[in-house]
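Data block below; observations after.
For reference, chains read A, B, C and D in written order, and residue numbers begin at 1 within each chain.
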Amino acid sequence: MSSTSLTTGRTWRPGVPRRHVPVLATLALLLVMYGVGVSQYRAFSNVQVVFNVFIDNGFLLVVAVGMTFVILTGGIDLSVGSVVAMTAMVSASLLRVGLPAGLVLVIALLIGPTLGFLMGCAIHFFEIQPFIATLAGMFFARGMCTFISDASIPITDGFWTAVSQERIGDPRGNFVSISVLIAFAVVLVAAYVLTYTRFGRNVYAIGGNPQSALLMGLPVGRTRIAVYTVSGLCSAVGGILLSFYTLSGAPLIAVGMELDVIAAVVIGGTVLTGGSGYVFGTVLGVLVLGVIQTLITFDGSLNSWWTRIVIGGLLFAFILLQRLIGIRLK
Amino acid sequence: GNSDTGDGSAADGTITLGFSQVGAESGWRTANTTSIKEAAAAAGIELKFDDAQQKQENQIKAIRNFIQQKVDVIAFSPVVESGWDTVLKEAKDAGIPVILTDRSVDSADKSLYKSFLGSDFVKEGRLAGEWLVEQTKGASGPVNIVELQGTTGSAPANDRKEGFAKAIAANPNLKIVASQSGDFKRADGKQVMEQFLKANPKIDVLFAHNDDMGLGALEAITAAGKVPGKDITIITIDAVKDGMQALADGKFNFIAECSPLLGPQLMDLAKKVHAGEEVPARIETEETTFTQEQAKEALPNRKY
Amino acid sequence: MTGSRPVLTMTGISKTFPGVRALHDVDFRLFPGEVHALMGENGAGKSTLIKVLTGVHAIDEGTVVLDGERVSFSGPMQASACGVSTVYQEVNLCANLSVAENIFIGREPRRFGAIRWGEMRRRARELLARLDLDVDVGSPLGTYSLAVQQMVAIARAIDVRARVLILDEPTSSLDAGEVAQLFRIMRQLRDEGIAILFVTHFLDQVYDIADRITVLRNGALVGEYRTGELPQLSLVEKMIGKELDVLERLDEQQQRTTAVRRDAAPLVDASALGRTGAVAPFSLRIHAGEVVGLAGLLGSGRTEVARLLFGADRADHGTVLIDGGGTQVRHPGQAIARGVGFCSENRRAEGVIPELSVRENMILAMQAARGWLRPIPRRRQDELVDRYVRALSIRPANPDLPVRNLSGGNQQKVLLARWLITEPRLLILDEPTRGIDIGAKTEIQRLVVQLSDDGMAVLFISAELEEVLRLSHRVAVMRDRTMVAQLDNDDTLDADRVMRTIARATSGGEAVR
Amino acid sequence: MNAVADRLRPLTGHRLFWPVLVLVVMLLANAVNRPGFLAIEVKNGHLYGSLVDILRLSAPLMLVALGMTLVIATGGIDLSVGSLCAIAGAIACLHISTAPDQNSPSTVLTAVALAFGAALVLGAWNGVLVAVIGIQPIIATLILMVAGRGLAQLITEGQIITINSGPYRAIGLGHFLTLPLAIFTALAAALLIAALTRRTALGLIIESVGGNAEASRLAGIRSGRVTFLVYVVSAACAAIAGFMMTANVSSADGNAAGLWVELDAILAVVIGGTSLAGGRFSLGGTVLGALIIQTLTTSVYALNISPQTALLFKAVVVIAVCLIQSPAFRARFRRRRGAPTPGPAAARREKEQVPA
């Protein structure tokens, strides 16, 4: 009896692994969208336009990477936008007081993770739903912003201005900012962590089925707290990048950013209930939002409300196509 | 369909102006946008309009894209004051002159922009305060003021608050007993005013950072059984149509104007800076204040 | 073996859930190098005993001593770190992860902290080969049938060099071959000195492999026995707590002859029904009052046949006529409206709605059929629910308890009740007796016979060939997702012949109808 | 002491006990700060006071949250409600403002009907995206959240449309039996939805779809239809809330009306004890949740908390509310106060419960 295999082998279709289909569909659509831009607007084909998308969305990308961790576990983090703003505010106000740049960096990078850690603890130990715990975190961080100052604080520190205005580029004058490099580094580290470390795999397991993960002996609590801490850290890095970007801290900056970030992550193919998705997808998601916005600015004929309607429409077209391609290929 | 929106300065000499608007958060703002669009059309300037939806990030992105498209002049109403140096430097390096409208930036390097065209929020607050000081000169007892602030952290809210506070410091009888944010919205202004009325038995003056909050508060005052404009003196800023109407009807007492109609002035400026002419670094919009009588006169020919 | 010290001793264990006393003063010992069966009816407290041991639930009272040391695990993680490896009841794995990862997650092979994916897949393939399972270890676990998932869970547990291996109903969804394979490995591990705790409802398996038996009843300890010293009959008596005539019927091979009138028009007539990638087109007719068994190996496509008939998956060729009406079933709702019921094998993913109460779970299908505008009156609900709670002896008999608080076997009974309440004309039962205790199992078998006598058609799928043969008038045999034969259940048909049909390419003379 | 605790057990064990407690504590805190807070007087034949304000102002939020409850119960989420409020309000006000007689009831009725119809269409759009095309709810409704604001502004042309219509105004400010009409509207909606879900089997079906969609499908439930329906209901609720918001200030502001109301609504639903994961829902809890949130906002004004710290205050209260509501937190707190500490290990174990 044991000589014949008792199970029926599955026929395996060659080609693209099924789980990569959504990401590839997104990539293809993104390229199509870029193509449309190039064909419509002459200056769109400048390399710098692409670079600008990265320069202008570097901080968004970093924050979205952190959000990817959280969403992969099936959670959500609404506090990111406020934490970004708070980090920028704290940096700006500390720099104004005259603290050295290095120390300010350290302090600023500690605040986000600490808040994330606390929210993670509330979620894990007290079983408060992530949406609520992080909503409270969002109120808190935003409240801290206006508490620190209700006006924007400029940054004049030498290090900050130097990083901010440094242009790394090719001889033809195209350039990226240091923030872009930092964002890329964050993406790579995150991709590595998610694929090659136990922590990363635990994140996927918890998103797949938290109860099973617990019964499989995985450190569910620790991992869950860790992802909110990671998200807090990414928001803090995002906040620093934003403060490089704007050379200031303003209490009302990055309002509603959490929605952009969540949208980017989900457009990138990560499922909101957790357990499936890739950092690379998130990068694509951010680019999709970035390119949509660039298209609209290049057009320059839309008034305020048509801008919104067109953003919604493009988003819809994109998601619909993504979904249809996904179904077809499956 | 390759629309010729790239390299703006065509041989025919049309000027391309890239304009980044804050958003469309109020009627005032929309009037501002309309004025700019109409003025551009009238002046034969090609306008590239971008709406930043109240986000500084978006404005910076838009300016970058204007630079890519090589527009001739960039103009924008900054969402916040600080944080423009990097992108303005890029514009300067690309040789594109920048004009600020409506709100200023706090760059130390004044060479980053050519001119700032707009109202002075501090002055608006001050005008409102000065009028009140003038009105209450004879009052012997304390005058209780409640203040409806704009969006917490926004420049107009901060400046109008500051200007007003400075002006009323002249009279120690004038006291702000409560001050809350009404977010520049009618509904919030109303809701806050309802609580003010309950918490403070004697309110003499209401100072609202814009007409809309004042209009909301108006309803709350009426509902509380008081007569707006008589029992409570109402001072606001902006002078949009509804506000002027209320003023003419005697429900408001005083409005400091904050004019959104700076389109024509902006187009003039744009032409000048494009031609390389020297322009003043600060141009104030033509603004005035209105009392009830002035409002009745002005109302029929207001554009917004 | 008996001379040695127990590796695990639990004494005076009590555990109370709100409203239910799941364990009361239970003692339990486990020796190295033995297979110890934990027996008891549904809801007796077996799974709970395991869960308090590994720290999933806190112990109210009592002590646990592992290797001479008092322990109190904070959770499965700590338990497995201390050498207690567990396969919990129901597959508790992550469907979104690959097969290989499900086996190794938490202890992946690493170099410099980086997971070595290639190595992991290689080892997973090796390990599964030991269990005679040939699957693509890189695809997500969720794409495989429950049986494969169960084997993966087992693979995960036996790969750890544990001192104590706990298997809570691992065989419930496996067929005979898989079970044999599992037992071979269990014996091997036992001989290496590992202590194995084994829970099952199959008496034969207990006598096949267990050295010792502990019996629980209603959360209390009945006793600990050596397998050899406890005849089957008294084991059942001890589990149930009373003597039962049920036992005779268990042995009686109830051959069901073709008493059904097949000349009448068939109730269900599927012709060339199929779905690419799932099942090759097949034709099947089921008459009123007929029980058709589906036999086949794991993954041979039995479940897929059932799902197509029910409309749970959409067929891409062929037609189903139910009572002569309609050609295509596009949605389960349509099938239900035409009098079909389908009790899924995957209780957790496709069966119960954990948050809802026992009552709500039971009336759900009937309510869906009536439409939301016509709620079932409370009185009628009580009537129905009471009837089936009693008929299937669902415990605890409180219909307002969330169904997730019920033991696995009792959840299965709730599901069965859901379909019986709709009084279907064709009832498709996919592994209905899985995880059900011996008493209830006989009850269900008797129910099937009775229902078919009353004119209901039944499509019966079970991994236990004996059970299929005992109940069916006809047995359809599946192999490689193809229906290869339909055999009348007359005197000539026995398990052997079915097995041969399964194994052989085309069995002579028995054409597909 | 123990006897009292035992007597109170059935009370404290009730689902809504903790939210009610929170509400009462907040009101008391206000009363301590300003004894007149709880006072109610009669003005112009209507009841007048902070409590009445809270009720009236919470009505729109309550409506939106009720619809949201159903959506969340199916495991979805509806971010577009704020925009829907704005659109409905804008359409209604636009129609009224262009009518020759703003005060004629027929004008107002047509306006409301038009706007309501439009909202239903948009709700159906959401429903199709989620139920038919299978887009994740948060993204599907995000589309309308973004584009819908634009639509609302398109309708108002970016201006604030001010109207002067008695009947329309009554939707937000009218009185009935001395109390604001809005309260009755919200209450009626709550009762209607309660009747619709609890007197029929709709509630059961929604809960089962939210609890396990696949199992529900196999039990014969057309889960797609249910999902579709809840988005339409949510849009309908949002539309009525939009009428109230705009009627309240007699003007439609496409940009500001209903801004961020979706977050408040979700918060209200969750405070009311409905899980965002879907499944069981509690309409009573949602109503309480909305009251709590409005009380919180009103408290900020009544306690005259400076705008700079208002958000911090809100954060602290939300955290406190959630902690008090969390059984895990209470269990821990009780243990710490009661029996001598049984060690951290025991504390950990208690919460790692998994279903059988």
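Methods note: a residue touches a chain if its C-beta (ideal position, glycine included) is under 8 Å from a C-beta of that chain, and two chains touch if they have at least 3 such contacts.
Note that this is a predicted model, so its numbers are computed, not measured.
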Other chains in touch with both subunit A and subunit D: B, C
Pair of chains joined by more contacts [C-beta pairs], C-D or B-D: C-D
Distance from the mean Cα position of subunit D to that of subunit B, given in whole angstrom: 34
Whole-Å gap between the CA centroids of subunit B and subunit C: 71
Approximate Å spacing (C-alpha centroids) for the pair subunit C, subunit D: 43
Distance between the centres, which are taken as Cα means, of subunit B and subunit A, whole angstrom: 34
For subunit C, residues contacting two or more additional chains: 56, 75
Sequence positions of subunit D contacting 2 or more other chains: 153, 158, 307-308, 310, 352, 354-355
Two or more partner chains touched - positions in subunit B: 23-24, 30, 33, 152
Contacting chain pairs - touch in the sense defined above: A-B, A-C, A-D, B-D, C-D
Residues of subunit C that touch subunit A when the two form their complex: 56, 75-77, 79-81, 86, 88, 92-97, 101, 105-106, 108, 110, 113-115, 132-136, 138-140, 148, 156, 175-178, 180-181, 184, 277, 297-301, 479-481, 503
Subunit C to subunit D touching residues, read off their complex: 47-48, 51, 55-58, 72, 74-75, 89, 310, 312, 331-333, 335-337, 342, 344, 349-356, 360, 364-365, 367-376, 404-408, 411, 418
Subunit A contact footprint on subunit D (complex, rising order): 79, 133-136, 138-140, 142-154, 158, 254, 263, 266-267, 270-271, 275-276, 307-316, 318-319, 322-323, 326-329, 332, 351-352, 354-355
In the complex with subunit C, residue positions of subunit A that touch it: 1-2, 4-12, 17, 19, 192, 195-198, 201-202, 204-205, 207-209, 211-219, 275-276
Footprint of subunit C on subunit D - complex, ascending: 199-202, 204-205, 207-208, 211-212, 214-222, 279-280, 345-346, 348-350, 352-356
